[in-house]
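In the two assemblies presented below, chain A is common to both, partnered first by chain B and then by chain C.
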Partner chain A sequence: MESEAAGAPASGEVVNSIRERTISENSLVVLLQGLQGRVTTVDLRDESTAQGRVLSVDAFMNVRLKDVLYQDRRGRRRQLQDLFITGRNVRYVHIPDDVDMMKTIQNQLDKIHRVRSFGSEGRKEFSKKSN
Partner chain B sequence: MVVLKSLHPPTEGVRHQQADTTAELDGLKLGCGTLCVAETRLLWFDDSRKGFSLEYPSIGLHAISRDVCSYPQEHLYVMVNGKVGDENETEMGAADDDDDSSKEDDDEDGAITEIRFVPSDKTALESMFSAMCECQALHPDPEDDESDNDFEGEEYDVEEAGGEHGHADIPTFYTCDEGLSALTQEGQATLERLEGMLAQSVAQQYHMAGVRTEETKAEFDDGMEVDAAAMEAGQFEDADVDH
Partner chain C sequence: TVMQPPTNTVEEPLDLIRLSLDERIYVKMRNDRELRGRLHAYDQHLNMILGDVEETVTTVEIDEETYEELYKSTKRNIPMLFVRGDGVVLVAPPLRVG
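Then we have the complex of A and B:
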């Protein structure tokens, strides 16, 4: 899964859970979290595949996709409106070619750090949350 | 052949319950019953309380299918690792260990069970799906070594928050959400006490400055008192505030 040198960073929302943020920032799952909104293919352990738009990926690599074309391990295809794949069952997640992986990772880490330092920037907590 | 067990549905932690739902296991229709999405397990049982239950770690995926070309009814599709309702599965009690190992074997084999839950009320599919997502997230994979290593209690240790870079970037202050979820019972009690003290001292401040108006009060009373309290307490530590 290689990407071109120049590319757009993808972006995803940061979850409101300390534990999940910590797990995410210490693993490559941040890259997957940055794919939110993108259409991609997930290969499952049982050799089935799911192609759809990434709604979210959590720290445990549970993936939510929507408008999915699912092909089971026998090759039968069907459409699924919403799909939740348990992290343990994910074998590969395809990264779209135009995604700049380093930027995506950096963006996600920045988001995590911003959320984390929110409370330390003086009286900023009294202003409207913009995250 | 599918063996159904007598079930005792949980009374607590039920995120969603859907009556009038037929279940189909690997193509075998089990009739009409109730789907119960509980935080501990997923259950389906018919009128005589016979059915099957699923452990979330064994669920590979679940989805909403509205593709009537592949299956004539809109339904909740669930793929389970291993065989459900296997006649070789023994009953509960001492057999739990056996169940676990047999499930693991099934998992290694790559055997799966395809289950379809067809509610008579198709508009309920979204809620059924969401409830399952929530419950699934409550059961992260325990075999995942990485997540255990990365999350340690010490992350909240202010002493370790030396620099701003890399893995030393540990939160020294909490946002409203974070702070509340990280509190123990003791912490909760302390927080309440501090909030009370703060409310008093803030009131005094404004009185002394003589500028407290109703608007000012509203601005600062937007439910962020918790943060203020945490900030006050936090500033006693030698935390690095200047960035």
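Then we have the complex of A and C:
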């Protein structure tokens, strides 16, 4: 099973795998990827919840959270420094009120397209526009 | 990609969902859950973004003595929710009561 990119780039940057980028840009997972750095609550399939800061979300909806308040389905709460949730186990993601969805999606798509055109033209310093 | 200019014709079942964009919809989910909310976005997996959502979870308890089925439902409201598509069973215009 595809796991999240082991060499996950710093916040704000796109994953390197072309396959993952293509999967992402063709689904709503791009919105979740744009939530990087935000605090959200993920409701899992098994009725537990995890509230924490999004470190990364990959094309398969695998989520990494940090500084998490995890509540299991019995209601017991635990603090976790780092939590990895498999995409299949996600039921809902609560989107913070102040997220502009269209903008977030567009920004993520722009990042994906920027990386793509940069890569195919070879290395160029300060390449701001394509030829 | 995700943000595409809409076509006008209904060609496939997913197009029917497109007709409900920005409308309130009813979503039946697995595990006896239902959602009612405004459809902001969806994709081919039926991942959806719903606004102003009311989630209803229904449980059945059997009375030990009378063997009656007691249906209980729990509701909660969430302002903006991303729903993973594999939990979705059906999507419909909101059900009208009565």
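Convention: the second predicted complex is superposed on the first by the 107 of 131 C-alpha atoms of A that agree within 3 Å, B and C clash if a C-alpha of one lies under 4 Å from a C-alpha of the other, contacts with A are read in each partner's own complex, and residues count from 1 in each chain.
Please note the rule applied: a contact is a pair of C-beta atoms (placed from the backbone, for glycine too) under 8 Å apart; a residue touches a chain by one contact, two chains touch by 3 or more.
Here the structure is a predicted model, which is why all the values come from computation and not from measurement.
Enquirer: Could you check whether chain B and chain C clash or fit when both are placed on chain A?
Expert: After superposition on chain A, which the two structures share, chain B sits beside chain C with no clash.
Enquirer: Would you sort A:R88 into first (chain B), second (chain C), both or neither based on which partner it touches?
Expert: It touches chain B and chain C both.
Enquirer: After the superposition on A, what does A:I23 contact: first (chain B), second (chain C), both or neither?
Expert: A:I23 sits against chain B, while chain C stays out of touch.
Enquirer: In the overlay, answer first, second, both or neither for which of chain B and chain C A:Q106 touches.
Expert: In the superposition, A:Q106 touches chain C alone.
Enquirer: Touch check for A:D97: first (chain B), second (chain C), both, or neither?
Expert: second
Enquirer: Pick one for A:L32: touches chain B only (first), chain C only (second), both, or neither.
Expert: second
Enquirer: Touching A:Y70 in the superposition: chain B (first), chain C (second), both, neither?
Expert: first
Enquirer: In the superposed arrangement, does chain B or chain C reach more residues of chain A?
Expert: The partner that reaches more residues of chain A in the superposed model: B.
Enquirer: When the two complexes are placed on top of each other via chain A, what is the minimal CA separation of chain B and chain C in Å?
Expert: When the complexes share the chain A frame, the smallest chain B-chain C C-alpha distance is 5 Å.
Enquirer: Looking at chain A, which of its residues have contacts with both chain B and chain C?
Expert: After superposing on chain A, chain A residues 26-27, 45, 87-88 contact both chain B and chain C.
Enquirer: Applying the document's contact rule, which stretches of chain A touch chain B when the two form their complex?
Expert: 16-19, 22-23, 26-27, 44-46, 50, 58-60, 62, 64, 68, 70, 76-89, 113, 115-121, 125-126
Enquirer: For chain B, which residues are in contact with chain A within the complex?
Expert: 57, 59-67, 69-71, 77, 81, 110, 112, 126, 129, 132-133, 136-137, 140-141, 143-144, 146-147, 150-151, 155, 167, 169, 171-179, 181-182, 219-220, 222, 224, 227-228, 230-231, 239, 241, 243
Enquirer: Which part of chain A faces chain C closely enough to touch in the complex?
Expert: Listed in rising order, the residues are 25-32, 45, 61, 87-88, 90-97, 99, 101-102, 105-106, 109.
Enquirer: Could you list, by residue number, the parts of chain C that touch chain A in their complex?
Expert: Residues of chain C touching chain A: 1-3, 40-45, 47-49, 78-84, 86-87.
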